[in-house]
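In the two assemblies presented below, subunit A is common to both, partnered first by subunit B and then by subunit C.
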Partner chain A sequence: MKQYWNRFFLKNGIGISVYLLIAMLVWLGMLIMLPQFFMFDFSFRFNLPPADLGGPKDVYTLSHYKYMAFGSEQATDSYNVVDVWVFVRTILTAMFVTLFDLALCYPIAYYLAHVAIGGWARLMVIALIVPYWVNELLRAFAFKIMLGTTGIINNFLIWLGVIDTPIEFILENYALYAGLGYAFILLMIFPIYNAIESLDRNQIEAARDLGSPWWRIHKRIVIPYAKPGITSGCTMVFMLTAGALAAPQILGGPSSLWFTQIIYQWFNQGNNWQRGSAYAVFLLFSTIVIVLITMKVFKVKLGEVSR
Partner chain B sequence: MMGAVTSEKLTRVFTILFVLVFFAYLFGPLIVMGMSAFNTSSFPRISPWDCFTVEWFEVLTNDTDLMTGLRNSITIAIGVVILAIPLGLAGALMLTQVSSRLRPWYYTIVISPILIPGVVLGISTLVFWDRMGRMFNASYESFFYDGIFLTIVGQSTFVAAYAMLIFISRLQRFDAVQEEAALDLGATHVQTFRRILLPFLKPAIGSACVLGFLASFENYNTTIFTIVSKSTLTTVLASKVRYGINPSISALAVIIIALTLIGAVYFEIIKRREERYERDIDKLVKAGSTDRAKKASLLTNPAMLIATVVFIAGLGTVYFAGTIGVDECKAAIAEQKAIETLRKVDEFKKKQMFKKAAPGLETGTGADTPTTTEPETEAKGTEGYQSIFAPTNLEGQVDSDKKE
Partner chain C sequence: MSADVQLDNVWIRFGDFVAARDINIHIQEGEFFSFLGSSGCGKTTILRAVSGFSEPSEGRVFIGGKDMAGIGPNKRPTALIFQNLALFPLMKVWENITFSLEVAGVGKAGRKKKADELLELIALSGQGDKLPSELSGGQKQRVAIARALCAEPDVLLLDEPLSALDLKLRQHMRTELRAIQQRVGITFIYITHDQGEALTMSDNVAVMSQGKIEQVADGNTVYDAPETSFVASFVGENNLFEGKVTEISEGYAIVDTPSGSLRARNAKHNGEYQLAVGDDAFVFIRPESLKFVNGATHDNQIGARVKGHEFEGSFWQVFFDVKGARRTVKLSMVNDGGDVGHDDGTDVKLGFSADKAVATPVGELADET
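Presenting the complex of A and B:
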């Protein structure tokens, strides 16, 4: 260990070594690890008035996690119907959105990387960047304008004569699903595009010459090659969708909730930070576990992903 | 043989259709939103189209909440760049120096802020500094509870990770021999760092700064928790979008989209210029020439000049077109609406008379009652969700605004 530090200082010089160490201390310690740890710790504490903090009442408790699973003590249901269902719905929707984005983006990424030629492909990739930098809120707002009761889609469908009365896209949550699918779509397309782009075209040609149909070329050559890109795209889209706040706040119908909205409510309206932290910890752990299990199922290693 | 050709054609048509649908999905909402910024209707929409106007841009610049938020957002974004870029650089430099056993762990930890939901990052930052503040017995005016400071710190957590990824990809092409040579020739470590590594990283530092600024500027999930009692552009925007919307938000979107487009074009031009420069150098090296390759100046680039002129001219035209004749057009539309309303009232009266005359035919007329003529003006979308979604309300809002 001592040898390691000696070598470290010798290689970088004193000044640079100090800079590196301080930066690591600040970033890893004060920005990443300690806040997560404190939030974890905080979620096991009672919501006490400032006077009681550090006093005899300030002990660890599981009450917030219990509340999340079973509801308040007075409740008649055997479990916390609202919160548990919101959680299940959030996770299932996030999974569905991920699959939808994958189905939409894989062909496009393949097209951009191997079918489209020169200038056009480049123009399309640039075009993709533009919606990415438009604010998440504004993207949701755009869907709200489009899918409102008097929005252009409804007006168009009525004009076509497909429907007589406007479809309640927002009340029925269609707007939410469309908006969520849209929100992080580029985080799916770029990793897959990067992965496929480096695939040697000769491999595809060879397979084709040997008589392989297109679906087998994808199944045996392109998809295995693009697997790390697909995994990192799916991971990012899933995590971000499950943790999205803007789209559900803007596009969610009045009765529907997203799990992050419940967390937000505990912080802002409920004024119970501890309980909000517990919900946040639960969201974080469950999404990580789901991602890890999925990776295991599809036999992807963590190290391959973020390249 | 014939079959193969047609199936190939079919595939091509299908592919092109798919690409078109995809891009329509990607740009359709943005185009609709952008167009709604130029419609006089006080509810953002493009159908029916009323009058072409730029008045919503004026409404936008007169909005003090948004302007305060914008100022805070810029302050925060600058702060984030200053804090996060050095952290990201250190993170990238450390990657090769962590022992190989620890490296996967190290990498997982530094990359985690990108994957952790923004909400969780915001909460953990808030909780951590609240604890710290209590530990040091700090007053509520101190920086431990200051929204701007907390937001800078919270956003830097993940912006530093973005920056690190950019630095890592640049460092992979770095030739460490250069550093060793400088050290052998007697340069100090700091000198080597400043004269060799930093110049090599310069383009990466530039793009990390731009990316960090933008990522901070458009962040919402983390900011909404860490900003506490202050506001940023995104938090103001969020409350505006949720309660009572008007096209000035579309106008803001138009500005952001325009800036992004300009940025993307500018980046593309710079990239092509660099590529051409490198090609020229290659050619010169191969030819054994000692001449220096010339870097074309961006200001004298004809394409850039023409683009700028066209852009400014277009802006002027739009503004001019959007300020003249708006009032006349609005009056005409209001008149049309009034006539329409009168007609509906007439129809309604006739129906009533008809009903009185033949009470047996009453069934099914309920749906035809023109609810739009009596808007529920008290439910204007300010008190919550429900009223926004009521179909009659939107009509009512527009009609009542027209009457004013």
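Presenting the complex of A and C:
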């Protein structure tokens, strides 16, 4: 260990070494671990007026988690119907969006990495990136305008004569799915693209030469090779979709609630940060557990993902 | 099963660049055929046209008498061994070998059985459950061969498969490849820039330069009777003299060069003598056919000054300045325990027989392009 540090300082010089260490500590400690730790701590405390903080009433409690599962004590239902179902729906929708993005992005990533050539590929990458220069909120509003009952898509379909009455994209949550699907598409494309790009073209040709049809080449050669990229893409899209706020806020129908919106409400309208923290901690841990289980099922190791 | 391969007036163009021009070749079934040429000469392009990864711009490819136009690589009776082998890194060795059977829908038991057979053929029995990354270079090489053979191709195509190996292993694999070819009896088409490989393994060699075929013949003929100046200068080493033909007689040409008048065989091309009186010509003589004149008479004699010598174990290499020759002249003599016998800086006479020398029309030289 001491040797390792000596080498680290020798290699980088004192100035850069100290900078690297401080930067890493600030990044890991202050920006990641500390906020999460406070959130975690908060979630086990009562929502007390400032005067009682640190007093005899300020003790640890599981009441917020209990509330999330079973609702208030006056409620007649045996569990917290609204919040639990919003959670389940959020997770299922996030899974669906992830799979949808994967199905959409894998062919694009493959095309970019192995079919498109030179300038054309670069142009396509730019075309993918440029829309993301626009703010996330603006993009969500743009979707809302496009998909509204008098939006361009409904008008176009009516003009074509495909439909008589406008489709309620927003009311039926199609706008939400579309917005969420689009929001993190780049985070799916690029990890897969990176993984596929380093695949030796000769392997694809060798498989073809041995008689393989195209789908088997993907099943046996390309997808296994791209698995780490697919995993990291899916993980990011799933985590970020489940934790998205802007798109559900703007594009969600009036009857649909996203779990993050409940968290937001506890923090802002309910003025109950402790309960909001409990909900947020639960969302974080449950998504991590889902990701780990999925990785186990598909036999991906954590180390491969960061490759 | 084995099949013959025929290329009829094949041209392959990439934009303005002509990668293969007017290729006409008939490779017999069961033959070990090599394309020999330096990189960029179009040999890999031809291989890809035979395997189906690219289509000729003009002309036709026949395998086993069947026109291959429009037939993809997965439907052709060929298997290709890539330069970098292209083993599937995430599949076990036995899965690699039997991938073609998996494609054909053969069950796991059948595939395992076939894999065991092939592993035995390539002397890797019991190693089927390893990953390719756990094998040595030569073992990977053999797995690639087994994978190709497993598809039971009529024609096996090899794209410089030995170039990544070290010298010893390369020489060993030459013998092994030749032995495997004779055992399975199918047509091998081998691409290489290494003349040693081409000459030792092949029944016939096509020497290529800049997209066209210079000569097709067996190894001996290519070495002893080159048809063009490119072949003479590309295959093996050759001393070069340049001059004008003054006389033609019964297969020989007399060429007047600044180093003297030299008599040499008139090179044939497509069965016809190429030189006539008045033509500009190159005369080639191999270093091992060049002798010191010690009383005996030779068809040709030239004056030379010894410039230096190198000891190469079984050979001495002696270098000379020759008046009018555009390059240093080289002589190799067997080391029989003595020394060269001539000090550096002395004037000597060198001689050679007309039968050992070849005269070709002036043309491209392999080492001057």
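As a convention for this text, the second predicted complex is superposed on the first by the 282 of 307 C-alpha atoms of A that agree within 3 Å, B and C clash if a C-alpha of one lies under 4 Å from a C-alpha of the other, contacts with A are read in each partner's own complex, and residues count from 1 in each chain.
As a working rule, a residue touches a chain if its C-beta (ideal position, glycine included) is under 8 Å from a C-beta of that chain, and two chains touch if they have at least 3 such contacts.
All figures in this text were calculated on a predicted structure; none of them were measured in a lab.
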Worksheet item: Overlaying the two complexes on subunit A, which is it for subunit B and subunit C: clash or fit?
Response: fit
Worksheet item: After lining up the shared chain so the two structures overlap, which partner does A:Val115 touch, if you call subunit B first and subunit C second: first, second, both or neither?
Response: first
Worksheet entry | Most subunit A residues touched (candidates subunit B, subunit C) | B
Fill in: Contacts of A:Thr235 with subunit B and subunit C, given as first, second, both or neither
first
Practice prompt. Scan A:Gln203 for contacts with subunit B and subunit C and give back first, second, both or neither.
Written response: second
Worksheet entry | subunit B versus subunit C as contact partner of A:Ala23, first or second or both or neither | first
Item to complete: Mind working out whether A:Leu104 is in touch with subunit B, subunit C, both or neither, as first, second, both or neither?
Response: first
Response to the item:
Expressed to the nearest 10°, the angle that the Cα centres of subunit B and subunit C make at the Cα centre of subunit A is 90
Practice prompt. Just the number, please: smallest Cα separation between subunit B and subunit C in the overlaid arrangement, in Å.
Written response: 5
Worksheet item: On subunit A, what residues does subunit B touch that subunit C touches as well?
Response: none
Worksheet item: How about subunit A: which of its residues touch subunit C in the complex?
Response: 200, 202-203, 205-213, 216, 220-221, 224-225
Discussion item. Applying the document's contact rule, which stretches of subunit C touch subunit A when the two form their complex?
Written reply: 51-53, 72-75, 78-80, 82-84, 86, 88-91, 99-100, 102-104, 147-148, 151
Discussion item. Show me the residue ranges of subunit A that touch subunit B in the complex, using the header's touch definition.
Written reply: 4, 8, 11-16, 19-20, 23-24, 26-28, 30-36, 38-39, 42, 53, 104, 107-108, 111, 115, 122, 124, 126-131, 133-146, 148-152, 155-156, 166, 168, 170-171, 182, 185, 214, 235-236, 239-240, 242-246, 249-250, 253-254, 260, 263-264, 267, 273, 276-277, 280-281, 283-284, 287, 302-303, 306
Worksheet entry | subunit B residues touching subunit A - in the complex, by the definition given at the top | 11, 15, 18-19, 22-23, 25-30, 32-33, 36, 43-48, 86-87, 89-91, 93-94, 97, 99, 104, 107-121, 123-128, 130-131, 134, 153, 156-157, 160, 188-190, 193, 214, 218, 220-221, 224-225, 234, 237-238, 241-242, 245, 249-250, 252-253, 256-257, 260-261, 263-265, 268, 384-386, 389, 391, 394-395
